[in-house]
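What follows is chain A paired twice: with chain B in the first complex and chain C in the second.
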Partner chain A sequence: MGEGAVKRAAFPYLLLSPAFLFVVTLAFFPIAYSFWLSLHRIVFVLPHLGESFIGLENFARLLQDTRAWQALKFTLLFVGTTTLSELFLGLLLALALHQPIFGRGLIRAIILIPWAIPTVVSSQMWRFLFNDQYGFLNLLFFGNHPELYRAFLAEPISAMVAVMAVDIWKTTPFCALILLAGLQTIPQELYEAAKVDGAGRWRQFVHITLPMLRPTIVLALLFRTLDAFRVFDSIYVMTQGGPADATLVLQFYGYKKMFAEGLLGYGAAISVVIFLFSLVVSIFYLRLIFLKK
Partner chain B sequence: MTRKAGILTLTIFLFTVTLVPVKAQTTLTFVTWKPSEPQLWDEIIARFESHYPDIKIRREIGPHSSTQFHDLLTQKLKNRDPEIDIFFMDVVWPAEFASAGWALSLDSFFSQEERQKFLSGAIAPNTYKGHIYGLPLFIDVGLLYYRRDLLEKYGFSVPRTWQELVSQAEFILKQEKDHQLTLKGYSGQFKQYEGLVCNMLEFIKSHGGAILLLNDGRALDAVRFVRDEIIGKIAPRGVLYYEEPESLALFIQGNAIFHRNWPYAWREFSDPTKSRIAGKVGIAPLPHFPGERSASTLGGWQLGISKFSRHPQGAWKFIDFVGSPEIQKLIALKIGKAPTRKELYQVPEILTQNPQFKVKQAFFGADPRPITPVYSLISHVLQSYFSQVISDPKSDIRTLADRATEEMRYYLSWEREQ
Partner chain C sequence: MSPTKKKTFFSCLIIGVVFLYLIPYMWFGLASFKSQRTLTAIPPVIYTHQLTLHSYHVAFQQKDLLLYLKNSAIVAILATLGSIALGVLAAYPLARLKIRGKNLFLLLFLTVSMFPQMALVGPIWRIMRTLGWLNTYQGLIFPYITLTLPLAVWILVRFFEQLPQEIEEAALVDGCTPLKALWKVILPLAAPGVFTAAILIFIYAWNEFFFALLIMTYPARHTLPVGIALFPGEYTMPWGEIAAASVVATIPLICLVLFCERYIISGLTAGAVKG
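Now for the complex of A and B:
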């Protein structure tokens, strides 16, 4: 092999190397490091204990950790409820916004507002709206009967509903935006042909819109599911996981273990669990997108 | 030639630029929370800087919430940030900061003799394994605030026991129902956060129980009392997510008969522009269970020096200055924070401005939370346990208490492990 040939063969790798380095340092290395940490007992505030390798003990403890189980259950409930609701409502919104209505551009922009407000700010706003003394929601429901006013964030069930409702309020516009983009790629001719064949609006929707929108729907689901698994800021601001750990999510639990309590190994084990869940979900969705083709 | 001249000028310029800071003052970085009274802190720092012209204080402002401030500060200390010199510590942190190797021992600066002038309850949480790591600047204690007008109207004296408090509240609520539907009996802090631990500690201690022994009968009964009598009868369910501001709002609007809060609250009630109950509020030690004594949780803030600081001497000058009788007096007069120096509880000027400081037993005998480096782990177990028990009227207290006690014992065993 001549020198030129070697150079030619190496050239593509050279071009790929910046991207490769980027992925390795920013994605693979932190993930691998989290795995490594999760196999150790590291208690930041007790340096005399050292950093002993304990194998899978953190995971074994995690299996017996009732708060972790509770967090997992609520996280799954949260992910399921919010993603499906956001997808459904987002689809309705997208279909409405796809119609040639007056002021469409402006409405599309306005609808995005909840999504554009930083979560910390909007969660704080909702915390006030849910308040039992001056909260607007109480005024809305009970009007001039302050003795009936309820503390929505004080009861486990209503607090769970509240944090999910806030997420749905906030992220439905995002789903709508993605689905709207999907709707716009569907060629108009298909609908015209369907009309010629005498198909009504419903049949057009079921047989053209939905199948054509499938990859976009899966994409939106993928984005939303991964994002919902990482929910943190709204919980942090609104409930801190309470009352009675009812709104505790895995990500917030891991954060508490790692940062507030300084249990690096245990916190990393929780991150690894979140990562594995996300990985499985991603593979499942990606297969849904690519299998058909 | 011109090139040489250029290089020469540049060299001289660089020389001057690098020399100037050497001659100038030392700058110390002070990590503090966002104060509610910024002018007071501007004044304290200005006074210090005019006293020590060679030192400048640069403030790094963190979040107001203790938990969030802890996360920010410990993150910097974990990174061994040498830019940090002085920081505030909440009363439950010095043991943690000492054990982790973040706080500098102040033994050589803060003499035994000087420590004697402080409230012993305030010094204890700053001491870990025989060394001192912080200078307490002000303390907080739990106090009972009550509606004097309502108690007088029905001929009640201030409740001594929790049972008395509940029955007085129930009586008054029944009588007042026609005038004021929104009136509640009790307002405290029962959200799942650090304040919940403080409130519950007072109930458990005033029943002769201990917070690390939750499955002991005394602690169990106290917790059950809170669930069935306080939350279940006289407090609104809303207290389950109240922190200090929300619980204060209820009382200040005239919607609660009894209110548990820290000393700062007195100023809020007395200010007629904010308060509907100015002049109608009384102060007392918190009630206790029959045959026991009242308990107040100790809170408050200390100043410490980072182990990674390059200027510990200068940092101590600042701490010594801020902790002096003059500045503590200034703080007490301006914003009503309780001093840590015993002598200041004799100063008439301070007491007339802050009548809450006259509840001496609370300030001189406040109960600390467990002093351990793993306090934040212990606290999370406690928060979770208390919140689960009190928010569900049918909770299985015994089982939950066994589990929480066991978990705390496990964490505490690490400290002794070699």
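Now for the complex of A and C:
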């Protein structure tokens, strides 16, 4: 093999190397580093303690940590409620947008706006709408009776409902657009054939639309579940995990431990738990996608 | 359900949905033009003729909104350029050259998009502190490039693969080097793909909050989302100014969505539909 041939064989890898370098140093290495940190006791404000190896002690403490369990419970409730609602409402919206209606392009663009707006902005907006004294929702529900006005974000149940509702509100359009793109790939002939066979609309939906849409639905669920697991921005802005930890989610708890309390090792242990959950979810959905194929 | 009934049902649904989104936005947008006294009136005042630009004035002149805007623009634009440059270089061999382990590399990039930020942020924060890059633009741009590379590579590979193989063979026969063929032939033809990826990356970087919150801790270095989340108020929440800053942060995004809707949707669904 001449020098030119070696160069040619190396060329593709040379092009790949910058991107590869970034991904390895700022994604794969940090993940491994998180595992390493989770096995150590590192307290930021007490540097003289050093970074002592303590095995699985952080994880053992995590099992005893009632706040962590509460965060896990609410995270799971959040993930389940929001992803399923977004999928169901998104499907309904996608079916509506699939009809030949006037101004469909414009409506599609309008529906894209909630997706594009920063979560911090929409969360501040809803915090303002939920305000206990001059919030729009209090006006809507109780009119000119300020004595009835409620502090929605200061009561556990309504705060939990509020943060989930805001997530559903913001993300349903995204699901709808993904599902709409899936709907548009279903060949029209299938429906024509079904009509000839005398299948009603409901049967067409169950026997053609849903099975054909299955890969898109599973992928949308995968994206949404992973995203819901790392919910942070809206909790940070709207409730800071309160009241009384009612809306505490894992990522916010990990952030608190790591950056507010400076417990780097313990925070890393929480992040490892989040990572493992994400991994299981990804493998579960990816299996669903590839098994069918 | 008869066809007409169905059509009415879906039309009502869509109109309802449009209002469900428009009313909150309008209420919040209007808040940026109300005086503090109108804003905090109990019960709330729906509309007033006394609209004012006071909140914008305060946010720009007395608070740091202009700085946030500048920081966001620098970070988002440079992260987009960086991610596209690295993404093009990586997607080209993956899509069009003979390369061993192609699927492994693709999988490697896709895996990154599934990593939770929480599991990355501690180590990245430590790396940036060691480099002295906390509160610097590159300290945020480098993580953003990394986190958006999967998206860039994924979209660009799909667009590059669609181009016929002969194009670049002709260029190579004409004596172009592969790099020149990429630059002169492939890239112009795949421009819609590059554009699509660039819009999505820009929106991601413009909106990102978690890393920005932890890496840009000096107020003068805040990006828009961090500034909006932490907007300082003296005694009460400065809702007018928060609303004004939100409008400023949102306008570029609304323009992007209205003018580039097609590209955004094709980018978002690139993986989901044919995947």
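Just so it is clear, the second predicted complex is superposed on the first by the 266 of 293 C-alpha atoms of A that agree within 3 Å, B and C clash if a C-alpha of one lies under 4 Å from a C-alpha of the other, contacts with A are read in each partner's own complex, and residues count from 1 in each chain.
The rule is simple: contacts are C-beta pairs under 8 Å (C-beta built on N, C-alpha and C of every residue); 3 or more make two chains touch, one makes a residue touch a chain.
As the structure is a prediction and not an experimental result, all values here were calculated from the model.
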First, second, both or neither for A:Gln133, with chain B first and chain C second: both
Partner chain in contact with A:Lys256 - chain B first, chain C second, else both or neither: first
First, second, both or neither for A:Pro146, with chain B first and chain C second: both
Touching partner for A:Gln124 - first (chain B), second (chain C), both, neither: second
First (chain B), second (chain C), both or neither touched by A:Thr216: second
Which superposed partner A:Phe174 touches (first chain B, second chain C, both, neither): second
If touched residues of chain A are counted for chain B and for chain C, the larger one: C
Intersection of chain A interface sets (partners chain B, chain C): 133-134, 146, 259
Chain B - residues contacting chain A, complex: 67, 70-71, 74-75, 78, 96, 99-101, 181-182, 191-193, 236-241, 246, 249-250, 253, 255, 373-374, 376-377, 380, 383-384, 387-388, 391-392, 403, 414-415, 417-418
Sites on chain A touched by chain B in the complex: 43-49, 66-67, 131-134, 146-147, 150-151, 153-156, 159, 239-245, 256, 259-263
Complex interface listing, chain A residues touching chain C: 11-13, 15-16, 18-20, 22-23, 25-31, 33-34, 37, 92-93, 95-97, 99, 101, 105, 107-114, 116-121, 124-126, 128-129, 133-136, 138-139, 143-146, 149, 169, 173-174, 177-178, 181-182, 185, 201, 215-216, 219-220, 223, 226, 229-230, 232-233, 236-237, 250-251, 254-255, 258-259, 264, 267-268, 270-272, 274-275, 278-279, 282, 289
Touching residues on chain C, where the partner in the complex is chain A: 1, 6-7, 10-11, 13-14, 17-18, 20-21, 24-25, 27-28, 31, 39-44, 46, 86-87, 89-90, 92-94, 97-99, 105, 108-109, 112, 114-124, 126-127, 142-143, 145-147, 149, 153, 178, 203, 206-207, 209-210, 213-214, 224-226, 228-229, 239, 242-243, 246, 249-250, 253-254, 256-258, 261, 264-265, 268-269, 271-275
